[in-house]
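In the two complexes below, subunit A is the common chain; its partner is subunit B in one and subunit C in the other.
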Partner chain A sequence: MLELGSLLTQFLNGATLVSVLILISIGLAIIFGVMGVINLAHGEFFILGAYTVIAADVLRLSAWWGIALAPVVVGLFGALVEVGIIRFLYRRPLETLLATWGLSIVIRQLVRIVFGVGYRASPHPLLGDVRVFGFTYPIYRVFLMAVCVAVIAITFYVFYRTDFGLKIRAITQDVEMASALAINTSRMYLSTFALGSALAGLAGALMTPEITVSPEAGVNFLARSFFVVILGGIGQLAGVLGGGIVVGELETLLSYLISATTAQAAVLVIAIIIIRFRPRGLFGG
Partner chain B sequence: MANTITRRELLKSVGYATGASVATLGHPAVLRAAAQPAKMGILVSLTGVHAIFGETMLHCAQYAQKEINDRGGIEGRKLDFVIEDDETDPKVGIEKARKLIKRDQVDVVVGSISSAMRNAVGSVTTKEKRVYLYPTYYEGGYCHDGVFITGAVPNQQVERFVPWIMENVGKTFYIAGSDYIWPRETSKVVRALVEKRGGSILGEEYFPWNTPDFSSLVNRVASTKPAVMYSLLIGSDSVTFLKQFHNFGLKKTTRICTSGVAEKEAAGLGEAGIGIVSSQSYFMSIDTPRNKEFVEGFRRMFPNEKLVDSIPEGMYNGVHVAALALAKAGSGDWSKLTKAVPGIRYKAPQGDIWMADNRHAALNSIIAEAYNEKGEFRIIKNFGVTPPQVNCFQ
Partner chain C sequence: MLQVEHLDTAYGQTRILKGVTFEVGAREIVAILGRNGAGKTTLLRSIMGLTRARSGGVRFKGRDITELPTYEIAALGISYVPQGKHIFPRLSVAENLRLGARLQRSADKALRPEVFGYFPVLGERLSQHGGTLSGGEQQMLALARGLVGEPDLLLLDEPSEGLQPSLVDAIRGIIDRVCQERGVAALLVEQNLDFARALADRYYVMENGTIVLHGRASELADEEVIRQYLAV
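What follows is the complex of A and B.
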């Protein structure tokens, strides 16, 4: 059964899931790392990205426009949420938990009112195959991985090689010290939250041709992203990479070898075992 | 497109119904029986993942109610609804069923989608001795006093479909389904029919709810090369899988046949849905005067509703069958009403149907193919009525 072609395909399938999971989880991780906010509406930000593509289609714009606009639209929405809600709840993780959970319900209902309760579809932007080492693979998935890798690389660059990133890392380590050094923390919080939301929105837009677009669909990815962040080590960007690779590849490769139900359970069990021996995550201190 | 039932309307209808029952409490029993409207409890998912079906189910029920009242009600009694949202949660379903029976004192309960919800609601209605009609296609085998089913069971969806597939598509099958009872029971029937006719099942697997990525299944199907991909995935999982199947270009070699896709799922698939063959007891495109009248009338009442499919049609039929039974029995009295339902015949949008002695409906078996990105189907073959086969096990 395990021929080389399908093994390679399976590896690429895993890589697609991994890159999308990382893109979603990075937003979740930086928002938590910098602001101490656990954003339960992150899955809804993801699905808002997908609905941006649907809206573009309704306006007779191509899916590419939708994909390009999604991070902008969702990023602005995130900024609005930060100014309107999150700003009042800094350093109160339990309250933000409740507030963002409520927000997720509000977003779902708004989407329902605007787009209807039914599943929505838009034309596929890029159907067709590409040859990878002599085997064919859908070209859109290759594109998707390339975009994810590029965006993840840019995010890392911003965090570790720019002034902005330096300030953010300073805030993550010690807010009071950072503001004493004339870092405008509330502006940094605003940009962090908008950036995290934009990444989720981009991921949602990119995944539109591959997933079910419905008001409820964000939850599927939210649970897995939390998992990635916790497994990788909270507050660590590198941890998100590790967590994403473990969760995504394990689930895809295992579900090729054993039944999907058992595979999904096995990933959970393996993760629990890892957390048991490395309570701060794979990359946590 | 906007959600046309608002909380206020809902509260109003609930409030109206409870008000009516309070107002009639003082009357002597005889007088009350003549003056009181017949009351139906409508239990649907208006929030949660099943809202996608629940909203249209409610609208279909309300359209049936309008038809009944326009024709003078049930033996002169007006038909009133008490509408409740089960929130796609069986625990809530149990509470709402109790409320409908004990506080609102409805004569009969109609509704629910999932088997879990039906088991929850049925556990209350049978104990409280109130008749309950369940409108959704399901795995069969649910046999409890006073629970009647207007949705299809596996033999009605599959018995005619599988031989047609083997004659017209191919003899090698791959089965994939959501990991719960309906796909597992249906696949048993599919497997038996395929193997009896000399075909083979190359693979059979089940997936947990909300699986985001089906590429490993797609990969396995690509390497086993079956002629037929028989999908028993449901709801959003069905849409996700079929999109990915299409994106990998597998529709060129393998045909999707399914009893889990109807108009609503197909609309979510867009171009990925074209060519899918489905077996249901109802499709919107049935070309009969009766169905045209139904679709047009329904759209006049709910202009934002684009698609009706077999589950809401089952709900519409459920309300009509319940009304006919109430007329026959004269009241919601348990012993009279449970005897009144079997044998009822109704001219439904899908064609003639009747309630068999095993508490299930004899329904039509229809095969259709999705032909555009809007989720519309073209009828391939209508086999007419198939009686329900039910081996009680639940």
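What follows is the complex of A and C.
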């Protein structure tokens, strides 16, 4: 029998997962929307964020430094990837798919070489609990959700209220016309890819204390982000919010009732069923 | 203003433009006439750098722009209003116009209200998505977006296509006024002979990727030959 306290805890756990999933998925969705690139290394960008926190710890910097540096490090790495690989494959979706898949293998292997195979203990920046409606909840998760919500809100603001966002939306709809209006599309691709990577890196850094950090940890998040994006409906940012809420909460609530792995599989099955009936996603027009 | 010299463009193995040479002077309106498939649209795309020339060149205000990326060509003061409007359907009218206004040379990139003097209907639809406008309004928006950046040269690809006669006249009037009042030169691709004649100073006729005839637009009326080139 579910009692109120554990139900609230489950809901908050779900909200934590939801906010992180949205943060990762927004990057994936923007990169796909603007560049038509399906980035199969997005999960590895996520773990690079986590390993930035670990690297900061090795260098005797606090976990806070790690979290702050992760989006910068992973964003710059993303920029390098764009200039070094993606740029040569514009409008060749199959090749980008293969290239980013290959890149994900390379990153995983590099991480194994640098940080070693297997799990890595990670520093915990903020231990302790807060009281929520009379129940206790880890304070770090509250912090994590707050950061995610703030960054997601900023991303929406940039997307819908700034000149940069206007250019991004123009490119998404008609890239030739955008360049005929003097938008430097290749520079926009670079910033978009870097931005998407940075968001994945930040998500990874924030999740470091919550997951077992291993070179393989990204794959799981990549798969879920894909379902978030597809379920929400490709082409609008708001869809990512809806998709994230459905996937995250469903998975958390189900894993309270059945095993975590079965819950994940069940969510994917449910997502496939939904897409079968709403091929353009829950929020797709 | 614009010189096109021996321009050759191909899609794969198919040559579309075969040594096209012509020019547009300052404040001049020049019409390119010809049937579907003559290469008119490819010509405009080649000037914008959207389709790359295989050989030959394009000069604008004395500068060789043949190899420049499209965004730099646009920034030099060439505004492209493509066939089929190509407005951004999921951006508002205001946002569509703001994208054009970014090209103004003055430091302040704000959208000036003068544009609504030419296009009053757009002023009433600012928050509406571009895709929800009627065909005529979309054409107005495409033109307005091309004009707010204060270009020196307008490239217009069949602006009268698919519009009802009253709108064709309205569009023609606006292009005429804008070019007169702002001193903008225009390269107008058309199949509608009367529309071109009313606007243009000079004309060129294209067939199979080459220019086969040219002259002053005032002479267009007498030329039976032109009907022959334009007849389907």
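Note that the second predicted complex is superposed on the first by the 276 of 285 C-alpha atoms of A that agree within 3 Å, B and C clash if a C-alpha of one lies under 4 Å from a C-alpha of the other, contacts with A are read in each partner's own complex, and residues count from 1 in each chain.
The criterion applied here is as follows: a contact is a pair of C-beta atoms (placed from the backbone, for glycine too) under 8 Å apart; a residue touches a chain by one contact, two chains touch by 3 or more.
Keep in mind it's a predicted model, so treat the numbers as computed, not measured.
Legend: residue contacts after superposition of the two complexes on their common chain; A:R112 is shown touching subunit B, with no touch to subunit C. In the superposition on chain A, A:V213 contacts subunit B only, with no contact to subunit C.
In the overlay built on the shared chain, the residue A:Q173 is in contact with subunit C alone; subunit B does not reach it. In the superposition on chain A, A:A182 makes contact with subunit C only, while subunit B stays out of contact range.
Common to the subunit B and subunit C contact sets on subunit A is no residue at all. Taken together, the subunit B residues at the contact with subunit A in this complex read 1-3, 48-49, 51-52, 55, 179, 205-208, 210-213, 215-217, 219-220, 222-223, 236-237, 239-240, 243-244, 247-249, 264-265, 267-273, 304, 306-307, 373. Listed in rising order, the residues of subunit A touching subunit C in the complex are 163, 166-167, 169-170, 173-174, 176-186. Considering their complex, residues 1, 3, 5-6, 9-10, 13, 16-17, 112-124, 127, 129, 136, 138, 140-141, 209-214, 216-217, 219-221, 224, 251-252, 255-256, 259-261, 264 of subunit A touch subunit B. Contacts from subunit C toward subunit A in the complex involve residues 48, 50, 69-72, 74-75, 80, 82, 86, 88-91, 95, 98-100, 102-103, 145, 149.
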